[in-house]
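Here the structure is laid out as structure tokens; the discussion comes afterwards.
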Amino acid sequence: MTLKFGVIGTGAIGREHINRITNTLSGGKIVAVTDVNNEAVKSVIDEFQLDAAIFPDDHSVIKDPNVDAVLVTSWGPAHEHSVMAAIEAGKYVFCEKPLAATAEGCQRIVQAEMKQGKRLVQVGFMRRYDSGYVELKRVLDSHDIGEPLMIRCVHRNTSSNENYTSDMAVSDTLIHEIDVLHWLVNDEYQSVQVFFPKKTKHALGHLIDPQIFILETKAGIVIQAEVFVNCNYGYDIQCEVIGEDGVAHLPEVSSVVTRKEGKRSTEILVDWKLRFQDAYDKELQDFMDSIRKTGKPNGPSSWDGYIAAITSDACLKAQQTGEKELIQSVEKPVFYQNTPQLSFKQT
Amino acid sequence: MTLKFGVIGTGAIGREHINRITNTLSGGKIVAVTDVNNEAVKSVIDEFQLDAAIFPDDHSVIKDPNVDAVLVTSWGPAHEHSVMAAIEAGKYVFCEKPLAATAEGCQRIVQAEMKQGKRLVQVGFMRRYDSGYVELKRVLDSHDIGEPLMIRCVHRNTSSNENYTSDMAVSDTLIHEIDVLHWLVNDEYQSVQVFFPKKTKHALGHLIDPQIFILETKAGIVIQAEVFVNCNYGYDIQCEVIGEDGVAHLPEVSSVVTRKEGKRSTEILVDWKLRFQDAYDKELQDFMDSIRKTGKPNGPSSWDGYIAAITSDACLKAQQTGEKELIQSVEKPVFYQNTPQLSFKQT
Amino acid sequence: MTLKFGVIGTGAIGREHINRITNTLSGGKIVAVTDVNNEAVKSVIDEFQLDAAIFPDDHSVIKDPNVDAVLVTSWGPAHEHSVMAAIEAGKYVFCEKPLAATAEGCQRIVQAEMKQGKRLVQVGFMRRYDSGYVELKRVLDSHDIGEPLMIRCVHRNTSSNENYTSDMAVSDTLIHEIDVLHWLVNDEYQSVQVFFPKKTKHALGHLIDPQIFILETKAGIVIQAEVFVNCNYGYDIQCEVIGEDGVAHLPEVSSVVTRKEGKRSTEILVDWKLRFQDAYDKELQDFMDSIRKTGKPNGPSSWDGYIAAITSDACLKAQQTGEKELIQSVEKPVFYQNTPQLSFKQT
Amino acid sequence: MTLKFGVIGTGAIGREHINRITNTLSGGKIVAVTDVNNEAVKSVIDEFQLDAAIFPDDHSVIKDPNVDAVLVTSWGPAHEHSVMAAIEAGKYVFCEKPLAATAEGCQRIVQAEMKQGKRLVQVGFMRRYDSGYVELKRVLDSHDIGEPLMIRCVHRNTSSNENYTSDMAVSDTLIHEIDVLHWLVNDEYQSVQVFFPKKTKHALGHLIDPQIFILETKAGIVIQAEVFVNCNYGYDIQCEVIGEDGVAHLPEVSSVVTRKEGKRSTEILVDWKLRFQDAYDKELQDFMDSIRKTGKPNGPSSWDGYIAAITSDACLKAQQTGEKELIQSVEKPVFYQNTPQLSFKQT
């Protein structure tokens, strides 16, 4: 019952997914690959000793009858085209964020998937699979801390490179909070306002860093979300939900405690890739397992990709205006409501 | 070299200060007392076996030649009158917050003190004496975490009583953050905006709770300050300064760690009076010590009381408008600049 | 390049390993199964939909030419027989602890494996694969805390069942510390003494609980190891190494932090099976990966099983005598020295 | 109601006590001083501007009718003589540890005090006044963790000077654990055995360091007490009590938490004098307060000094023999039983 993958795009994230499907996870196999760069395709086949066919483009991968599921790991602007084609072919798709380059593109995918009649698409929002967030959601769902009223979260990176621009604070960084927070509290976004603190000397000239986003949800939760991509000390993801009866914090990353030179210390990750490595494994394993067991993917849906796009757009506008901007209100179709949020069991 | 105190007001906080001067601290003595309630005066003299004269009003206490310093612990609206009289008499004053009921009243005190020519007044902002804040300031002043860019703080009480109103979130609660934060980062406030999250079911009908204040300073620091007076789980004061090179958090209150029934726990204070008890001792001991050693008080000045009043006013306005409100900019007179912020040594 | 397993014993641990090889890990497959209980074999084949042959006994499994590696998960007294047969057949063996019922049995296995000429056997000491111990070893190997001088560790279970006897504190419980600690500090055991504290009321009549073992190594490290299997509050594994320049602690298990009802709490596991679940996955994945890449298993060897048996024997004797008992000194053969301790990379 | 002190010995600890009575605490006054070094006496009177008479020897201080209480801070071998004289004169005595140089000397003091008929003596075991130990005792006394079965504690100093010898690990260092632990669990010592781990390279040639003492109490509690006076990283006092229903740990010293350079850190004290500073204040304030309120001191008694001496002697013998040594069993006289252990209230 092996799920056979066709891979579109063999850049960094594509190679990582190929590696985990081939060498770490159970139940999947890479059978087809394409990339605009021919050398990249060949090197990945060599490196992981894949028994996979090379195709000239995404369409031919998708049409290969040997392919059960398509892994879209090309660059963002190309995602919509591949996902639409896969839906039309009735094939499963695991698509890295963003689902499409625009909210309209996401909407088109949502409509195509609904028309096609069956959930096929999962978007690569891996945080929902992180054991810390899963445990945090379990605590919230148990009503141990009562109704959530506020969220404080931070997303800090040690440093950003020269290609990182102020709008990427939303599209590349905050996007993960945007997806995971509304899932965490079963709520929808209503408005956003941005504050720009004093800029750190460690940020390059063109970049506004840090930034603080105040998001409000329909239920009235106020979210204080800090994005700080040149914090200089490590990769640090924090999330704290303040409820009517108590507070729950995302766990700190586990680390050896040392006592040395007058300090009691734990390590903070510096390399962001290590933080969500297990979550990346689990999202793909769950994609395979839920298709095998239920015939459809179980993780973040096209609708979640669409919500993320709408919310991003408002955040980007709020960066420009400095005012409180409304976030477009959309009604979740029954098609996506019926999807269980995440039956995935943490162990 | 005992400092002889005349006490104006023997309510709860007055009795506590009388007790600590008499039974805990070194170098002070209560020699005169007044209160609008005669019984209260007598009971306090009995309880603490004071060798103190009873006076009919604040003026007669202040004028008593036996009195070196006046302790103003009457109700807020009466403070200005007593402080002004003490300044005119050239006597030291320790005045509980607020220094005066209005910013104008504070300004009159500032002008009177400057005219009188010598620092006489200390305001009871005790947090500057809390060992946690003192250590936090030491870390900031050492530039260990670089220039401060953001502050996140929370002020949570287990529950509020029926007399607590939404504006008291500023005048009684946030006022402590207002005083201590600008001292902590050596900066001045510029604007404030308020967000009202979903109200907790534990708050009474008339009360808006929690509230989030976003303050911006002249240097560009953005402060996210949560006031939540019915948080239901304890008295919890948090403060975290995010700098260019790292982050520093106010210490959690020290507590035995237990492992029991599947949980590893420390205790959170529920009674707020315990949290700053040492700070109350230290502010009064420092008041006495610095007068003995330098001839003037060393703690929060009339100017600090004035700044707190101006900032409070803007916060109260922001509660009404929902908009970003500017905080009046005032130039610190040389008279107050020369005063060392706090030479008080933590041990 | 799939490693084909023959499984001997389908009790609890056998089923778990079958499940992880089939549904979680990459590169292995169950092709043959035997158990003294025929129903158990059939139910496991059904449950996991195995495409596996059923055999009447261990010998027939081992001899099946389709089998590359033997998984020994029968009851302890039967281990030696199956392991010896697998070695004679030149097949890889993953054997749950104990390697054999006696130190002599372990010695026979060691000799057979050396005679056979190639490392074939891995013993199921999974703690060496736990990310916490791996990180702790990394810190020790980096000399960050200097030469180790002392170790303090505890092994606590919530409660023990009626079949658990005082000697099982060594053979079932301390055995894990015995294996992991000498690996952690690259040292060998020299002596052991036992102390019996006041017995907990939660232990059954026949059981001595808790027990404290003081072990000394050849390099002079003193290990204080507490075994307490009715601690009543959770499953708690602690380990702290005190070196010349500092101290390193095994991380606490990561958990959401809650603030509620006057307490700041994290959860302690109660179910021991959750604690080392990842380590069980990793030990078997590493067994498969290292055989695929290097032709031999990389984890705890027969020699480690032998050392554990010798050390256990001395601990059991010390329980009887109350005196300091010497632990038999044995020279590690070159055959086992050449084996890298653990090239397994933590990510 | 000021308690007037005569001070015998103005070395380091003497000066500190004079300072705190004069400048920090309430209700005491230094009125008489003596020291073998005349210059020391004069300088202390100058430094603290004491209004105190200088006497040639301990007897003349004790006999001065102006003196209510004697503070014995001379060197250890002289303590017994001064304490005996004070008892004979019916004066209160606060004596630094040791109460006397030998167990026999302590016994003589106990007998003299009983004969005199009233509790007069308090020994300077300040840990009983440390807020952490007080809170720990409160948890134990509340039976939150059930009956205590084991204690794990460490006493680590950054480094020791050249005068520190292996027996001082008992007489100067472990002595504090000896006093505080039996008080903590209301129990008495029965035996002790010593283990000598590998010596740290940071210890001087003549010194055995670290050392591990295993003490057993009459109730069967096993105490694992580590003394490590060249641990190289800080002054670190730990204490953990393992009970039938849970575990309670002495709090870590409170400190700002920083996130910087890939580490999340709190500070460990390096200077031991800071650790118990508050406890030193509280023991002397309690000495004064309890004499004022009840006519007798309330803290560690002569009997506690005697128990400490007996236990020390056994520990020193165990260092020599390497065997388990019995600790002399003595019956607590009613005279000392009636003394409340510590009515002192922590706030």
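As written, the chain order gives the labels A, B, C and D, with residue 1 at the start of each chain.
As a working rule, a residue touches a chain if its C-beta (ideal position, glycine included) is under 8 Å from a C-beta of that chain, and two chains touch if they have at least 3 such contacts.
All values derive from a computational prediction rather than experimental measurement.
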Ranking A-D and C-D by C-beta pairs in contact puts on top C-D
From chain D, which chain is the farthest off, judged by mean CA positions? A
Any idea how many Å lie between the Cα centroids of chain A and chain D? 58
Using CA atom averages as chain centres, what separation in Å is found between chain B and chain D? 37
At what distance in angstrom does the C-alpha mean of chain D lie from that of chain C? 45
Note: chain C residues in touch with at least two other chains are 233, 245-247, 252, 259-261, 266
The chain D residues in contact with chain C across the complex are 146-147, 149-150, 152, 195-202, 210, 212, 214, 216, 219-222, 224, 226, 228, 231-233, 242, 244-247
Name, in rising order, each residue of chain C that touches chain B in their complex. 233-234, 236, 252, 259-270
Complex interface listing, chain A residues touching chain C: 22-27, 131-132, 135-136, 139, 144-145, 245-261, 266, 274, 277, 285, 289, 347
